[in-house]
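The following pair of complexes shares a single chain, chain A, combined with chain B in the former and chain C in the latter.
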Partner chain A sequence: MSVASPSAPARPTPPGPPAPGAHVRRKRRSSTSSGLVPYALALPALFLLFALLGYPMVRMVVLSFQNMRLRELFAGLTPPWVGLDNYTKVLTDSVFWTVALRTTVFTVVSVALTVTIGLAVAMLMRRVAPSIRIAMIVVMMFVWAMPQLVATQIFRWLVDADFGVINYLLTLIGLDYESHSWFAEPLEGWAVITSLVVWAGIPFIAITLNAGLTQVPKELIEAATVDGASPWQAFRNITLPILKQLIVIVTTLSAIWNFGLFTQPWVIRDGRPSSDYQTLATYAYSTAFKTNNYSLGSAISVITVILLAAVMVFYIRQMFKIGDVD
Partner chain B sequence: MKRKIALAAALTAALLAAACGNDSSNSGTPDANASVDGKGKTLKVWLMVDAQSGWKNVVDQANERFTAATGAQVQIDYQQWGDHLAKVDATLAGSEVPDVMELGNTEMPKYVFNGAFHELDKAQYENSATWLTGLSAPCEFEGKTWCVPYYAGARVLIYNTDLFTKAGLQPPKTYADVVTAAKTLKEKNPGAKFSGFYAPGAHQYMGLAWAVSGGGTIAKQEGDKWVGTLSDPKVQEGLTKWKEITSYSSGDKTKNEQDQSAIFAQGTSGMMYGAGWEASSAQEQPKDPNDPASAKVKTKVAGKVATVAMPEVPSFLGGSNVGIAAKAPNPELAAQWIKIFTDTKSQELLIEKGALPNATSLLDKAAAKEGNEASAQAAKNSFFVPMAPKWAEVESANVIQQMLVSIATGKATVADATKKADDQINTILNS
Partner chain C sequence: MTSTEAPAAVPAKTSSAGRKPDTKREVNAFSSLAHIALFVWALATAGPLIWVVLSSFKNNTEIFLGQPFGLPSSFSFQSYLDAWTTAHVGQYFLNSVFVVVLSTAGTMLLGSMAAYVLARYRFPGNRAIYYLFVSGLAFPTFMALVPLFFILKSFGLINTFTGLILVYIAYSLPFTVFFMAAFFKTLPMEIEEAATMDGASHTRKFFQIMVPMAKSGLVSITIFNIVGQWNQYLLPVAIMQGAGADSKWVLTQGIANISTSAGYQAQWSTLFAALTLSILPMIIVYAIFQRQIQAGLTAGAVK
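Presenting the complex of A and B:
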């Protein structure tokens, strides 16, 4: 997916101060057909993007204004148009708002934890010996490379009430955790899910920010220290401002990813999350595919996309800002 | 975002497939007795994984007889329960559909109602006069028959004979015996992990069995509307009894019954409520869990497990039906295969494997099989979920499971939980 790589959105080079004579040359070029070449080159990519992302999106939006049920699906009938009915239904349903609030709170908490711990790990990586740093990178690469599904299954077994090793260990050190259910209390269950998401999210942030930290000039920190700045002051006034744009990007990306949380609660609750464990993504899926309310599910998805678009705008603006600095 | 798109893509694929789906009219009833030359044709059949792990020989002999009779080959695809309905929906929306499909009896009404299956001539199938109602009722719609019962399974009381003997207990004959046994076992076996009666909270067919044990119902039809009746005092009384029995369970109250035989195999549970075959899976497991055909290994409780019909609690009659997909390429071949697959000969082989047959006329044979007595007995006092076309959605939306878990964990009173579930049932069934 394009947002996964910060360099993806192609953007024409910003016009710098025009060199003498450039004006004439540009004028001549744009008058010929060669000015279309960049667009022609971008066309295949745009076409692919549209076919893979745009078209399904359009169908989903169309679907959200219809009432598609199982009968229409089986018989291949065009579902009846219902206007804004699905949206009214979703937006007036308190269940939807509970789920939306839960998803938002989860996103805020998990992103804050991931970025803070990720930054801390990145700072640590600058301090340790190179061999340790390499070991840390290798370990984090393994975590990063592990498919979500596999990681979730492993966590599910770790916290299993009857066979889980976590309960076993906690009981060994004398706590009363025999046959303890980690999902009876939603708060505990969400703590498990959040740990899983944060654990899997740290490597990307730590490695990216570690790369960013190499850009912080050592002399600057040294100079500040000589001038009597405390480590905290040096961090706040030198490191953070330099890292700021990178932090904004990894934070927005994490927010986008975590807002669409699906696999972890879905798999850890065995494909049938109870209402306490629904997120916007699982709620849309359950509505569409478990209760065959395809249109209602689409409406929920469209609303989610709109909510996410707000975060996306922030991200894309930041990308442009960085482009301008370059 | 990525998932939104995956979701959209899946929806689109389904829609596209729906748009290109064939519109061949499937009027008429496929004749199971017609002589069809099936040479060079392949019949596609979807069966659930139980047939592969439990009674592959039944499938094999039916295929052999079918090929001998028609010349057509059979290709069986085994499906996993879990999320199989989403797969069924997407497939039925397309044009490449299997000829024969198996569905659970609680899932069937929704598909019959939405026109997913061919009408059948009931009289052409053996024992159709005495089909178990729990299986055949989901096949009936508007006075016609749309699928054929395949097998049934009744829930029974499974108990650890070793623990019973040590505690000086007899096999329970009344419900009061069950409660006393659970209490005594718990007292004699201290330890936080021990369950007198292992009862996972989200085991919905257990909860529902207790719910209707006092004579109540789950939902009823009033005119053309369905009304949830779980908050009926009789049902609340049944669920209060259920809550009491779950208090003798030390297991995870939010779990479902999926791994209960593995838990029972640890030897730390006195009793549990399960399907007849779970008594065998508690005693031996395939060495390689990913290969049902691998050698069996005995568990700690091997030879120490027995079953009786659960006293005073009706048994949920689970099971499966097979039908011919409305868009099946070979409906007549499919009818012949189903006819062979569900005839007395096939059913007798199924009984050998511990499943219950599809007809009452065969139940006595099942009762005569050692280890099957309890199931056959339990099948005689059975109940079934409401015959509402949308009942499967109530199950998919976890309405019953959430109600039970909130009662078992003490988060809601029986009255509040049933009231909430009734509201949800009313919304879903009448939407």
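Presenting the complex of A and C:
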């Protein structure tokens, strides 16, 4: 916004020195309308956002300070205020901390894998022939466009103990995986869920970073290679700096999405994830809706959002700044 | 991104003429490595997809035969017919198309108007509104379900397409506004100023000048929204409930219903057919917008 936007001088009393050029003429028209037009254009979107996203968010926060149970829900009574009770209950519960730690570890591992592999795939896309590149993009569009629910169903079938392809293939190469259950051992189960999330997350990142890579001038890499730079040096000192902003954006978005992981563990465990498969999202949801403890569930969600914001504050700020181009 | 272009110009002048055969061999080694990587990638990405499509042509017995990559005995479209009619996937498919078309259009209209204003106009509260939109990115959808349900209920919008569409729009706005605001900021000011001088109204400027100029950005975000809304599962589950809701379900609900209905007894081939059908619209969208997607992604990337 360093360049004065066209509407700025049209305000009733234009502050500062008048910009050069035709501003005199512009000032003449619509000095009244332009003041309201921005609001008018933004209003419908704002209204929807407030009604359907802002208000529920406020309700969620309010709810976390109350004690809403099934009775209040159906009778429409105002639930009793309990202050910080829900928060102390959650924060002193070791189950919550286990779940929080698990969610964090999952997020770090899955985001690191997704971004690294996504970047590798994007680099690969620059190397192959255009026709193959298009084929790659089409296949990845498939994966990207696939509903999480569908992808989860597919993976559930791939690792099915009796009829799954994975067990079939592993048995075929001589390993003892006949009727092997992938979810008996939480670590293995999480490996499956992580693969699923990474598999589904790569296309978005690869396609975006591939677009970014087209901005890396070929001559620059060539020149560096001629001057004796190793491919790794060329990558580190030329490609990465150019991609940096994009990487910050996709990393931040992936982290936000993966931290809120819900559908995959939920569906792959048939809507009844055992305590080993809870994430903060499913934990909050189960608490709220399965045990009808809406307030406790809300408190968990509020803490989740705060945790996310605290961990991500640096990246989120970076992302905001990038969105704020000057 | 101007800052990143600056260093590019300088060393690019160094001649790249003296390429030795040595580098050539290195490149070859690389490309064979690339081929291996490509193969692994194809196996990992396309493998599950091929398996689904193959299974969709099989009948139930063949699916459990223990030859997951064996070809079906005959390529019958029976499971697709079953899915389309018996499992009502046809109905759900059309419902999904209807909802996504309207909600994506709404999202793009409202979102780009708001983004345009936030990017191009200076007015009190501009920053506050921008951050309000963007903070919606971090909001966990699943927790909004209860309050959301009651708001919609009080407006009589539960179990209506209108309700679902409005909710989809609201939940797609944060990303749309974030991305489009960044995009609008990069467009040159001069044309817009010229239009203002010629007396174009604000709405006219927006629809006839800014929108065409922002076309590539708009297309890529449109795709993003279509994909995102087509994929929704949690929101429709919460909203499309009540009497007669199952005729208004969207595709994801229909698929979930097939797979939860009856364990191993279910028509799994129907499920696989439905899974394949759910991806189909994306191919069509992609085929239509292929060029713009490429351009849009590139443009969006450099801002």
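Following the convention adopted for this analysis, the second predicted complex is superposed on the first by the 276 of 326 C-alpha atoms of A that agree within 3 Å, B and C clash if a C-alpha of one lies under 4 Å from a C-alpha of the other, contacts with A are read in each partner's own complex, and residues count from 1 in each chain.
To be clear about the criterion, a contact is a pair of C-beta atoms (placed from the backbone, for glycine too) under 8 Å apart; a residue touches a chain by one contact, two chains touch by 3 or more.
As the structure is a prediction and not an experimental result, all values here were calculated from the model.
Visitor: I'd like to know which partner A:L49 touches here: chain B for first, chain C for second, both or neither.
Guide: Only chain C is touched by A:L49; chain B is not.
Visitor: Is A:M146 touching the first partner chain B, the second partner chain C, both, or neither of them?
Guide: Touch partner of A:M146: chain C, not chain B.
Visitor: Identify the partner contact of A:V105: answer first if only chain B is touched, second if only chain C is, both if each is, neither if none is.
Guide: In the superposed model, A:V105 contacts neither chain B nor chain C.
Visitor: Just chain B (first), just chain C (second), both, or neither: which does A:F262 touch?
Guide: both
Visitor: According to the stated criteria, A:T291 is in contact with first (chain B), second (chain C), both, or neither; which is it?
Guide: In the superposition, A:T291 touches chain B alone.
Visitor: Scan A:A281 for contacts with chain B and chain C and give back first, second, both or neither.
Guide: A:A281 contacts both chain B and chain C.
Visitor: Identify the partner contact of A:W199: answer first if only chain B is touched, second if only chain C is, both if each is, neither if none is.
Guide: After superposition on chain A, A:W199 lies in contact with chain C alone.
Visitor: Determine, under the contact definition given at the top, whether A:L240 touches first (chain B), second (chain C), both, or neither.
Guide: neither
Visitor: Looking at chain A, does chain B or chain C touch a larger number of its residues?
Guide: C
Visitor: Taking the superposition as given, does A:M60 touch the first partner, chain B, the second, chain C, both, or neither?
Guide: both
Visitor: Can you pull the chain A residues that chain B and chain C both touch?
Guide: Dual-contact residues (chain A): 1, 3, 52-53, 55-57, 59-60, 63, 256, 260, 262, 281, 284-285, 288, 294, 297-298, 301, 304-305, 308, 312.
Visitor: Could you pull out which chain A residues touch chain B in their complex?
Guide: Residues of chain A touching chain B: 1, 3, 52-53, 55-57, 59-60, 63, 68-76, 160-162, 176, 178-179, 181, 183-184, 256-257, 260, 262, 270-272, 274-275, 281, 284-286, 288-292, 294, 297-298, 301, 304-305, 308, 312.
Visitor: Hey, which residues of chain B end up touching chain A in the complex?
Guide: Interface residues on chain B, with respect to chain A: 1-5, 7-9, 11-12, 14-15, 18-21, 23, 82-83, 85-86, 89, 92-93, 110-111, 114-116, 192-193, 250-256, 258-259, 263, 266, 326, 393, 396-398, 401-402, 405, 409, 428.
Visitor: Of all residues in chain C, which touch chain A in the complex?
Guide: Residues 1, 4, 7-8, 11-12, 14-16, 18-19, 23, 30-31, 34, 37-38, 41-42, 44-46, 48-49, 51-52, 63-64, 66, 68-69, 110-111, 113-114, 116-118, 120-123, 126, 129, 131-134, 136-144, 146-148, 151, 166-167, 169-171, 173-174, 177-178, 181-182, 185-186, 189, 192-193, 196-197, 199, 201-202, 206, 227, 230-234, 251-252, 255-256, 259, 271, 275, 278-279, 282-283, 286, 294, 297-298, 300-303 of chain C touch chain A in their complex.
Visitor: Enumerate the contact residues on chain A facing chain C in the complex.
Guide: The contact residues of chain A facing chain C are 1, 3-8, 21-22, 25-26, 29-30, 33-35, 37-39, 41-42, 44-46, 48-49, 51-57, 59-60, 63, 120-121, 124, 127-128, 132, 136, 138-150, 153-155, 158, 163, 165, 168, 199, 202-203, 207-208, 210-212, 214-215, 217, 219-220, 222-227, 231, 241-242, 245-246, 253, 256, 260, 262-263, 267, 281, 284-285, 288, 294, 297-298, 301, 304-305, 308-309, 312, 316, 320, 322-325.
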